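Take a look at the following structure, please.
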Amino acid sequence: MSIPIEHVISLSALLFVIGVVGALTRRNLIVILMSIELMLNAANLALVGFNRVWSVTAEGAARYDGQVFALMVIAVAAAEVAVGLGILLSLIRNRDSLNVDDASLLRW
Amino acid sequence: MEAEAFDVAALAPLGFVAIGALVTLMLEVVLSRRAFVGEGVDPETRLVARARIGIVLAFASSAAIVLAMYAAIYQFELGFETAFGPGRPMLQLDALSTFATALIGLGALLSVWLSITYLPALRINHGEYYALLLLSTAGMFVLVSAVDLISLYLGLELTSLPIYALAGFNRRRLRSNEAALKYFLMGAVASAVLLYGMALLYGATGHTDFTGISQGFAGGGGLALSGLALVIAGLAFKVSVVPFHQWTPDVYEGAPTSVTAFMAVTVKTAGFVVLMRFLVLALPEMGEKVSVLLGVLAGLSMLIGNLMAVVQDNVKRMLAYSAVAHAGYLMVGFAAGTPEAWTAVLFYLFVYLFMTVGVFCVVIALAQGGREWDSIEDFAGLASQRPALAAVMTLFLLSLAGIPGTAGFMAKFYLVVAAVDAGQIALVLILVGTSMVSFFYYLRLPVVMYMQKRRQDPDAETSSSEIVVLALCAAAILYFAFFAQADPFGTGVRALDVAGRAADFLH
Amino acid sequence: MSFEMFLFYAFAFLAVFSAVAMIGFVRHIVAAAMSLVVTMVSLAGIYVLMHAELIAAIQILVYAGAIVVLFLFVIMLLDLRDGGLGPAARGQNLVKAVGVGGTVTIGTLVVASVSGVFSVNPLVESLPEGFGEHRALGIALFTDYALAVELVGLVLLASIVGAVILAKRKID
Amino acid sequence: MILVVAKTLFILIVVTLLFAPLITWVERKQSAIMQDRIGANRADLAGMTFLGLLHPAADVIKLLSKEDLVPAGANRFLHALAPILSAVPALIAFAVIPYGATYRFGDTTFTLVAADIDWGVLYLLVIGSLATYGSVLAGWASRSNWSMLGAIRATAQMISYEVTMGLSIVGIFMVFGSLKLTDMAVAQDTTFRVFGFLDLFASLPAGAGWLNAIRLPNWGIFLQPLAFLLFLTCIMAENKRPPFDLPEADSELVAGYFTEYSGMRFGLFYMAEFIEVVVIAGAVAALFLGGWAVPYLSQETITAGVASLFGEGFANLVCMLIHVGCFFSKVVFLVWLQMLIRWSFPRFRYDQLMDLCWKVILPLSLLNIFLTAAGMLLAQQIAPGAAAS
């Protein structure tokens, strides 16, 4: 017996929501970045889960759209984190705070 | 021309810019060694050497972009049409993608020219700038031809990541840091949302390619609809449509102006083209519901963009809100969704490129001494001192406002006609009404330039590359104001026909 | 409940719990990073249960082995002695986070169950031989998806160049 | 089920209780020999020192009886967690390394490996990447500058070398066409013609037929000599032992990330390091030295030979013992090789370490992948299906 897809997608939705909440409510830049990673992970879980549903073509051959997509997302996530942390470091050099509320030079 | 499924020549534009990026990266390293930019050289010599290297790199990247544009135009003229990808189509090379490729190439080319003297003026003349710019351009080339969620996502990230870095390229300036940070955080959240939407779409339909999605979509269903909403939200972020526009003013103001110019024109083009393709290919059945949603976004963008622009004191910030407003105008075309509307949208994007690059070029021409001159007061009395600059600036602003006699008017005119034909009367009324509002802020600058006395004294020379860009943009705006549909010089090319051909594929 | 299901729920609980811990109630940013690792590893466990072994391995290799380590590296580089999260940020935000998260989750679930969001294709019980193993996925990657792999290469190049130019200590 | 438990326990006990303490002794003796000293010979039982073999036991007693200190202001939880996170990956890494082939006894067939998973090599890389956390957290949780500096160095070093380690063995995957370590070992239980590549130019003249008789074991080290060097360098750098011991450089950083540890927690770090030495030896043996394979004597040869005299069941048993013995002698050899390297080279400077990784090993491993691909294409031209390098 295999895991029902509904449960997987519920878990993924839950993680996504937690990620969104973290990204919107936390003020620490690094935690926000982590929350974004969590969102990407949730999407990956959904992709891999759905790949279980759409795993074979009509002819019975295996299909890997979701898993390949998930692999790409993992690579892109790494790239995103690198750029994000780079931006963070360049910001810290000029202003000694990790709080996103302090990024307030630019308003309206 | 029918090409084979795995035809590498189809990827020529993408290949040229990608290789160009690698070449500029290597060239910078090699030249820096040659020119003794390393340790133990006095700063003055180093600065001069850097400037020279910058010029070489700018030429190299221009060459790459020109080659890419040439390839794209060649493909366009051949009527190239192929679904590219080994095994399964990932990219669709056709009239729309080649048209957009050429357009984005033009935007990138002009931005490179803007950067030649601007980067040294801000003391941020590093070779990586050009490589990042080219990589981002490559991402947009992918984006405009993407027919698969995977290539769409990768194209989007390849477009965005270099721009995040470019926005923070002026590392010493806190505003630039913060612009990069805000753009990055919001962009990353947006792309995560987009990705989740894609995952849901895939789950609902079992396909990642657009045509497969359109087949699987048939019944709709909650999963597919929520996926669709998330995807549209993610893409709307990239083209800065209300309510996903919050990053726009901050990033436009904080980023180096050449970067602002680059992303203002190219990202918008790429974003709208990919949205267009996605809507038409993946959701042919969804016309009605989606069009209502797009109409709401369009109306909000026009209202909020134009109203917020009125109260800005910084030219770049004002232009940012004006960009939101223009995104709203373009969305009117999307809400209409007829072939004529797509043609109008493409033509609008074409004209918008010249107006926007021109305006930012004027801002760049004033930059000097490591500082930008971008508040409204900085423009006071400019006409008395540098009449030519003030004149072209006025022209660009009038065109942005859509005053008859400029290309901006023609662009808006075709859009309105298409929207009226499609029955989007309410949106057209908002468009016309908010355009009236926009006169206030667009005309404020000419008033300041011509009526007030000079307070500050930028003595920067307008460099030859800037003059070329300004002249080109001004000429284009005047030309297309009168000859959008005509061909006075017998070249056999009519701008609107070209846009029409590009849009024609969609139906 | 089969053993597989039990494992799934265990991993799911671990993932959700540590994710909530990450955004909600840990006191220190390093603890937040470690919670993230727990989430990542639990997800990898779920991937194994779903016949995606390669993804599971890559998930740990890249997320736990590189991304979170990079986070920790930056945290150490910045040397955040005060915990990094700031004292004021906690109690109130926790309530807010739990409130928003709970509402949204329950709302989503209610809407989902009413509108039948989750009524997708039934699971395919008989998977092809070797589904999700590195060989099959590798062949797919380098035939059908070769272009995507190339594009990811460009994305990574862009991010390297971008990160270096932004984070390098001395640039001229 | 019982078999799995037995196999797991066997390898755990051999590695932790036999090898790890023994290695501390080997290390002492090796350094003593190389530095022209007498070495460990003080601990005695009733006056007998047994060549210093009692020292490991004395060490354990000492570590267990020492006070367990936690520095003031340290994060107690993470401080306690770090040594465990350091030791566990080292312990579980051995699960995928085969120390014997597949044998049949009557109806039962079993393979001498604790977990025979398809992505064994990836598993090793995964474990390697998780091992980073032990040192990072140790350094960070101690709230000491030495520890912090050590941890920063450890992180940078381990992430960097992980990348090159993965790349350096891609050639091996290509040659053996598998990520499964048991498959690799079976593939290495054969030989190949050294001068097989001559077929490309012309079939050999009759007089030179003896060239065809020159055969080498089909081992990774002969097929991928460059990969062997690169992989050994990388995996040793991953273990952070000299000459790659920047994170714990005693002359600069006291003891690096585990400066603030004492008692058995310190012992865990210490033990992890020594277990990793065995794991490295096991992994290198499995990937490059044929694992359990006896050179020139394949499993069938041994089994058939013994079976003709004493019957099949006994033959399998003998074969198993020979293989296990062969595997562990290779492990012992590789452990000794690591000791030799450890005591022969001075410590790298930090920039040298990074340059070695990114400017030497990375390009070379890419080159290796390229050459391997070219070689395999060529081999397919000569004789489809034949492996050559």
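Chains: A, B, C and D, in written order; residue numbering restarts at 1 for each.
We adopt the following convention: a residue touches a chain if its C-beta (ideal position, glycine included) is under 8 Å from a C-beta of that chain, and two chains touch if they have at least 3 such contacts.
Everything numeric here is computed off the predicted structure, so don't read it as measured data.
Between chain B and chain D, the least number of touching-chain steps is 2. Between the CA-based centres of chain C and chain D the separation comes to 30 Å, rounded to the whole angstrom.
Averaging Cα coordinates per chain places chain A and chain C 6 Å apart.
Measuring from the averaged C-alpha position of chain A to that of chain D gives a distance of 35 Å. Residue numbers of chain B whose C-beta contacts span two or more other chains: 150, 154, 157, 161, 164-165, 168, 171, 180, 203, 206. The multi-chain contact residues of chain C, meaning those touching 2 or more other chains, are 54, 66, 70, 75, 77, 112, 118, 120-121, 144-145, 148, 152, 155, 158-159, 162-166.
Looking at chain D, one finds that none of its residues touch two or more other chains.
Contacts between chains, counted with the stated touch criterion, involve the pairs A-B, A-C, B-C, C-D.
Chain contact summary for the complex, chain C toward chain A: residues 2, 4-5, 8, 12, 15-16, 19-20, 22-23, 29, 32-33, 36, 39-40, 43, 46-47, 49-52, 54-55, 58-59, 62-63, 66-67, 70-71, 74-75, 77-78, 80, 84-86, 89, 93, 96-97, 100-101, 104-105, 108-109, 112, 118, 120-125, 127-128, 131-132, 136-137, 140-141, 144-145, 148, 152, 155-156, 158-160, 162-167.
Contacts from chain A toward chain B in the complex involve residues 9, 12, 16, 19-20, 23, 29, 32-33, 36, 39-40, 42-44, 46-47, 49-50, 53-54, 65-66, 68-69, 72-73, 76, 79-80, 83-84, 86-88, 90-91, 93-95, 100, 103, 105-106, 108. Of all residues in chain C, only 28, 30-31, 34, 37, 53-54, 57, 60-61, 64-66, 69-70, 72-73, 75-77, 79, 133-134 touch chain D in the complex they form. Those residues of chain B that touch chain C in the shared complex are 18, 21-22, 25, 37, 46, 50, 84-88, 90-91, 126, 128, 131-132, 135-136, 138-139, 142, 150-151, 154-155, 157-158, 161-162, 164-166, 168-169, 171, 180, 203-204, 206, 221-223, 226. Of all the residues in chain A, the ones that touch chain C in their complex are 1-11, 13-15, 17-22, 24-28, 30-31, 33-35, 37-38, 41, 44-45, 48-56, 60-62, 64, 67-68, 70-72, 74-83, 85-90, 92, 98-99.
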